[in-house]
Amino acid sequence: MKIVTFGEIMLRLSTPGYERFVQSKSFDVNYGGGEANVAISLANYGMNAAFVSKIPDNDIGQSAINSLREFGVDTSMIVRGGERLGIYYLETGDSMRPSKVIYDRKYSSISEAEEDEFDWEKIFDGADWFHVSGITPALSLKTRKLTATALKEAKKRGVTTSFDLNFRSKLWTKAEAQACLIPLMQYVDYCIGNEEDAEACLGFKSGSDVNSGKLDKKGYEVMLANLCKEFGFKGAITSLRESISANDNGWSGMMVAEGKAYSSKHYDIRIVDRVGGGDSFAAGLIYGILNYKDYQKAIEYAVAASALKHTIPGDFNHVSVKEVETLMNGSGNGRVQR
Amino acid sequence: MKIVTFGEIMLRLSTPGYERFVQSKSFDVNYGGGEANVAISLANYGMNAAFVSKIPDNDIGQSAINSLREFGVDTSMIVRGGERLGIYYLETGDSMRPSKVIYDRKYSSISEAEEDEFDWEKIFDGADWFHVSGITPALSLKTRKLTATALKEAKKRGVTTSFDLNFRSKLWTKAEAQACLIPLMQYVDYCIGNEEDAEACLGFKSGSDVNSGKLDKKGYEVMLANLCKEFGFKGAITSLRESISANDNGWSGMMVAEGKAYSSKHYDIRIVDRVGGGDSFAAGLIYGILNYKDYQKAIEYAVAASALKHTIPGDFNHVSVKEVETLMNGSGNGRVQR
Amino acid sequence: MKIVTFGEIMLRLSTPGYERFVQSKSFDVNYGGGEANVAISLANYGMNAAFVSKIPDNDIGQSAINSLREFGVDTSMIVRGGERLGIYYLETGDSMRPSKVIYDRKYSSISEAEEDEFDWEKIFDGADWFHVSGITPALSLKTRKLTATALKEAKKRGVTTSFDLNFRSKLWTKAEAQACLIPLMQYVDYCIGNEEDAEACLGFKSGSDVNSGKLDKKGYEVMLANLCKEFGFKGAITSLRESISANDNGWSGMMVAEGKAYSSKHYDIRIVDRVGGGDSFAAGLIYGILNYKDYQKAIEYAVAASALKHTIPGDFNHVSVKEVETLMNGSGNGRVQR
Amino acid sequence: MKIVTFGEIMLRLSTPGYERFVQSKSFDVNYGGGEANVAISLANYGMNAAFVSKIPDNDIGQSAINSLREFGVDTSMIVRGGERLGIYYLETGDSMRPSKVIYDRKYSSISEAEEDEFDWEKIFDGADWFHVSGITPALSLKTRKLTATALKEAKKRGVTTSFDLNFRSKLWTKAEAQACLIPLMQYVDYCIGNEEDAEACLGFKSGSDVNSGKLDKKGYEVMLANLCKEFGFKGAITSLRESISANDNGWSGMMVAEGKAYSSKHYDIRIVDRVGGGDSFAAGLIYGILNYKDYQKAIEYAVAASALKHTIPGDFNHVSVKEVETLMNGSGNGRVQR
Amino acid sequence: MKIVTFGEIMLRLSTPGYERFVQSKSFDVNYGGGEANVAISLANYGMNAAFVSKIPDNDIGQSAINSLREFGVDTSMIVRGGERLGIYYLETGDSMRPSKVIYDRKYSSISEAEEDEFDWEKIFDGADWFHVSGITPALSLKTRKLTATALKEAKKRGVTTSFDLNFRSKLWTKAEAQACLIPLMQYVDYCIGNEEDAEACLGFKSGSDVNSGKLDKKGYEVMLANLCKEFGFKGAITSLRESISANDNGWSGMMVAEGKAYSSKHYDIRIVDRVGGGDSFAAGLIYGILNYKDYQKAIEYAVAASALKHTIPGDFNHVSVKEVETLMNGSGNGRVQR
Amino acid sequence: MKIVTFGEIMLRLSTPGYERFVQSKSFDVNYGGGEANVAISLANYGMNAAFVSKIPDNDIGQSAINSLREFGVDTSMIVRGGERLGIYYLETGDSMRPSKVIYDRKYSSISEAEEDEFDWEKIFDGADWFHVSGITPALSLKTRKLTATALKEAKKRGVTTSFDLNFRSKLWTKAEAQACLIPLMQYVDYCIGNEEDAEACLGFKSGSDVNSGKLDKKGYEVMLANLCKEFGFKGAITSLRESISANDNGWSGMMVAEGKAYSSKHYDIRIVDRVGGGDSFAAGLIYGILNYKDYQKAIEYAVAASALKHTIPGDFNHVSVKEVETLMNGSGNGRVQR
């Protein structure tokens, strides 16, 4: 199974422990970005995952590529060049102090990449699945066009597609997002997003209050069913996060696919690192759909996989299929494995 | 607004993570002390905060001063000289294992400072507020006299004063504390302290059991009102800590001022570092009273600010006014800020 | 009071923080092993504790010995030689992700030690207590024989003995364990083990479900009483762990000795490092029996001591008698000790 | 004495030890930039040093400012705003492997600052000296104009000026540099630069081969004298670096001022961190001229101060006047100071 | 160009800085081994390098594989299974204190690998070069046989072969080495080794004293020429190390190939990490012969590349072709690259 | 062989790498002091070494004791109590920047110890050698008396004594030193000290210039012979340090004993940590005299051992007899030991 993802990978500079930015004399170095994170997850599940991007031809860019190769992601279709690798600074929150992200990603190589730098024929050769998120088109007008091209080229070749809405208000407005994304939804098989994303990206409404910490399951089911109807998705999926504090979250997921609703187990998570949680959910979903051909199992896999991600530092989800399945089928009581 | 604080700053040597003293091969280096911590908080809120002390004229003393300058505290009135910078060793507790402090602060420069080393005329020039805690007079007979002088000089110039009782049984006896502090209370506008401190420092009684973890709000209200009455304070204030474990505390505050009682929101805190929590409460209170001129807002600000302090390593509270106000007015659910 | 323990000490290589093995560029270095951990605890309580083993004559072996000497364990009866020091790799779990141990302990010096390398006369000279666990005989046929010899030599000299069943399925089968251990139980005064261990090592049955997180106290009492009856133990003891997650465990203990049942307080633990928790329980028990001559106090001491162990990084339990007794008799609310 | 410097401060991300970029999992965090480094040196000598720049209004920008305040630099005239703080990545060389710098400084706040954001009246109020380097005008057309304005405004007020040529081929071409700088030299009192810089920035020629490691002292003297003559400098100064390897350099300096040549002692340096070496030379020169009013002493101070800089990690030169003078007048044999 | 190497990769546990084993509380984690190091170098030069071995199927083994993938080595022909990954402990020497290696590599997966686990047809498909060292056959009787098979299979397919003698007295005796290696030399095109190795592995004599620090160039030339003659090598090559201290070494190389002698430049090295220095020399040689088809350039490349290796921590040589060529053709004066 | 040493052990807080005090956010933790360092060296040589002191009864004091026990020093005669453990802060120099020590050792437990706290009968029971340095009497009037008592009690029992003059101008004046030490020299068998120490402590003159870096061997010989004559020493010994820079020192030693002069090999040292260098020399001398009964071998051992100390971080010399003898008898060329 070959899965292609397309987007940006950034240098992530995070403060150690719970230090605030103004306290840190060193930054932990990781690399990450929505679609790169998805590719890593899938490679860790033993799948053939390729990440496509444009990355500067210097040692920082090379380090980003190495971080992908290290875990088996195919980086052979990454274009080298451009000015810089985007950066995001991260400090980890605690209790009522939220984690904080400062972006310095403007002018990145991928945001200034040109149409003719990518050979879609080669990229999609033998591909089974294509995944991209709403962050990629939000980067620049150029990536907006590239995302559209990629989705069309994928569909043209019969590749299954998934799209993670992932609205980022610092990158574009709702109006810009909707103008770009609504026309693209016809090329999307599986759409991932919560009610906020659906509203911002697709002009869709849902009554649930995401800050309340309570979940209205029925409301989500209706929302997802309506999303499928309106945009013709094969499936609409959302993770459901209950924010109790920066450390403690509830976590579950819901999916409506081919006319039926599927709801997962619920996990109480003590968070080590929640960045990349959504991406690991998307990757789990792709793995689940491709391998189980059973939507209930797919959503359980997606939720268990992404619950585990929250316990691992860095953007990448370093878990095996066996570990995810043990959690799906087990108690999650965390007894030592000797 | 210019605020002056007076006291000791120490070198803080803490073990990394949850290591015990006998395990550590390195110590994290921070600097801190009650009144210095208050000055840092206020400088972080954009106020003109000056810290007054005596600090040895060597590189360790210079590092203490630099740690204050780094965050904008005015250190120009600090006297240089004397033998040594006081030290406190800290190991961080977990669950039922309490954090442990070993003091090595005897013979510090400030504890041996002389009356004529401080120019109070210059120190209080343009000052709006003066803050000191019960730790400063507890250090030595010399600081006992200096604290009295400072309070009198402040009041003489119409500077508002606050006093944080902060009884430390390792520094002096209750009898010594009361002999020193009771006569000084006439120079104090706002007195901060819980029932233990009030009993130890001022010979005051309250029936609440601080180890029980339960709070008797009404009892506190009466205590604070009586404190005001007996000592003529404009306000008496206490933070209310419920110790569930070394990691988990409940946190709120109460104030009686100018005849009315004010009670704050309550926070559940997962602690990163609770040292300096009380100082950040005092600083929040000073900021609140000076800026909102609304006691309810002031106590809410003090409690929110100090709740945040518990999530930050080191003695200093590195939060902005905006962050505190967001917490005061928000849910504290810790969602990532991108 | 002189206590002798006999077994293996390993190099422990653990990933920092919550890193997974594939993420770590450094390993924290500790040394540990069941009986070595017991000796450390007892030395920290001021007792004369000797650890007996065979350790390679190189710098890694020396470092293991130094880690014991550092805390006052008598290492003078350790034999030097053989091929290698056993290793275990450890990554610390979080939430539903369990801690993971990879053993690389085969061919270790102790597993290939010979009968005539140990002078039991000298080892047990003046000894009051001998402790060994089921891990030691599981290492090899040679240690199987050595363990039997040690227990017999101890009993011959009137030394009280304790045995911690500690079944390890990666080291031997239940059949092997039972064939070895059942005949040895006649030399054991105090047997420590939960229902899983009792079943695996001694062919004993109990109805409780260890994964359920709920405890059937009465069931344990009956089990322990039956164990005493069947094998002639003076006492049978078990710690009771409720696994809520990799971070949160309930912790208590139960003992049936000389015909009576004793049950301890219950603690809620936020785990820093649970490896060595069982060993600190055994050590607490030995200390308690020897010093209090009161089984209720002994089980309380064992549970309080081992609860504290969970809050300390590394295999070793660095707590004093005073700290354990403060917890036994106090609230465990974790207020700072200044 | 008040000294003003104007330019860019960057976030410096360096690999620990001798790691290459592709090996590092953390970066050491420092801040630095030519003119900021000069201001730090001068503040460390007890002078009133102000750094003027534009810095983004986020936590990374604030950390840069804090790093200046920490050592007493006046940051009150820094403008806040703009997009980003420039970055440079650094790996430290060894032997024949050179240190490597990767710049990511484009689009920085200072490079996009506008003329009307700086109040030169206020900036130069009471100033005795103004210092800027050739890096500042090289950043953008905007800083090119700003640098010209600053120099003119300084001279208008009778402020002594120094200019460190510091040609950076990655920022501009020789033609661009010369077009900008030659007309500015009329506003410069003291010009610092080696023969490469003089050639690139001012179209000036010298026969010495900077890669040879050998120095032609007489040649330098003639060059510096000619520079003074041609551009009307009060003094022309160069440090003289003999590159033996990435670790070992020879270091000395030469000055021609008011018609006379001055040559310094020579130092053999084992390098800890040579970034900022040139800036510490410029700062030493400014200090020396202002305080000794003796050019020979000034060049000795500059060379001794900058020799010491090479032994200190980070861009900043943390040495005192006393330490520099001890070296100027002593043996440099490095005996322990107890 | 495809190059295949075959051998063992180990977990390398090294003490930080100059700590001795008995001082370290953490170990730096790297992976390395003669032939793996060669493959990494070649991948860093942009070549298609495959490493063949057997590695245990656990997270430690996976980490070793990831460390190879990270830098682009083809790991697809590595067999997974067996008991353990070999380990070597390393402490770095200084001055007259030598670096110290403790091996714990016995019973490793590769040492117990079976003939039928490797598919030489697939391994050598499209290969241009095969490299192995004398360490691989020294590991066990099984690897002795496997090495012979590999060399024969390579030659059978017309693959050029190189063999680095690398005698390790802790792994086998001279008699064992000679019995194994002399018959294999007929399958070797290029043989690498100094006079000690040649004597130990092949029973060959040379009069030079390797501990003297002086080099007898003529003697080496004769030795290499004789080696070629006696064993029919196309080329015999040696690096020439002058050990001045643990930090300072002289470094050069010599080659006799197809009847002519080639001698390289000489470098003075200040050592950061000399482990892997010989492997980087072998890799440089392979690269040089394959790409320049000019023996003089090849030996220059080999020596420059391996000189650079000594400046980089870890076993792996992270340098580019451009960096090596810059050094070959340049001054090696270590000026900063901006 | 039992050796007793008596003095102070301090907490050593050193900055990592080459950081200056004002840069450090963590301190490396070691423990050390002249006589403690001597005891450690001797324990590392397998001798029975006891350290006698008074150390506070808190966790910091316990850690100091543990650091001695770890390496086998007998700590059973250390008195517990008093106010504090002395501290010294250390930053490591480079090139012409010297290492810097800040003492904070006043009021330490040992400096306030009383005569009757030490049971000399028990301390010297079975002792062969007693060692103390001039630092111990310099601490306070109390230690002055204690040192005299210790020397007399030792001599009374026929214990051989050595005294390392070690003048510290921050602790006492030359007049004080001479008044104390000259009368004590009658109890000293072997006196260690250079010409500076001899002049300061004993009023002795020598013409050599210690800052010159050149050594006048004949002059030293005469000085040592005169010292023996004047004070009746069995031997007078000095290490000879040539300070080239903070990194590079020459190192050798000279001894005049029982009428003959002995001069050692000379070593060029690249320094990792020179603190404790003199103590390791004294310890090597004691070992050499006791074990070789050959003064030439003793001085060679002392110099080789202490040369190695300079390559090891921390105060303690972690080398074995075998390592020292290998260096004494070998080339010191630092080839890797595998």
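Labels for the chains are A, B, C, D, E and F, by order of writing; each one numbers its residues from 1.
Operating definition for what follows: a residue touches a chain if its C-beta (ideal position, glycine included) is under 8 Å from a C-beta of that chain, and two chains touch if they have at least 3 such contacts.
The shown structure was predicted, so the numbers you read here are calculated from the model rather than taken from an experiment.
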Chains touching both chain A and chain B, listed by label: C, D
Intersection of contact partners for chain B and chain C: A, F
Over-half contact-pair match to A-B, picked out of the listed pairs B-C, B-F or A-E: B-C
Fraction-based call for chain D against chain A, same above half, different below: same
Distance between chain centroids, defined by C-alpha means - chain D, chain F (Å): 44
Residues of chain A whose C-beta touches two or more other chains: 20, 22, 25, 66, 71, 100
Graph class of chain-chain contacts, one of line, ring, star, complete, other: other
Chains grouped in pairs wherever the two touch, ordered by label: A-B, A-C, A-D, A-E, B-C, B-D, B-F, C-E, C-F, D-E, D-F, E-F
Complex contact set, residues of chain D against chain B: 66-67, 69-72
Chain C-facing residues of chain E, complex: 13, 16, 20-22, 24-29, 58-60, 62-63, 66, 83-85, 87, 89, 91, 100, 102, 104, 106-107
Chain C-touching residues of chain A, taken from the complex the two chains share: 71, 267-270, 272, 307-308, 310-314, 318-319, 323, 327, 331-338
In the complex with chain C, residue positions of chain B that touch it: 17-20, 22-23, 93-101, 103, 168, 170, 211, 213, 243-247, 274-275
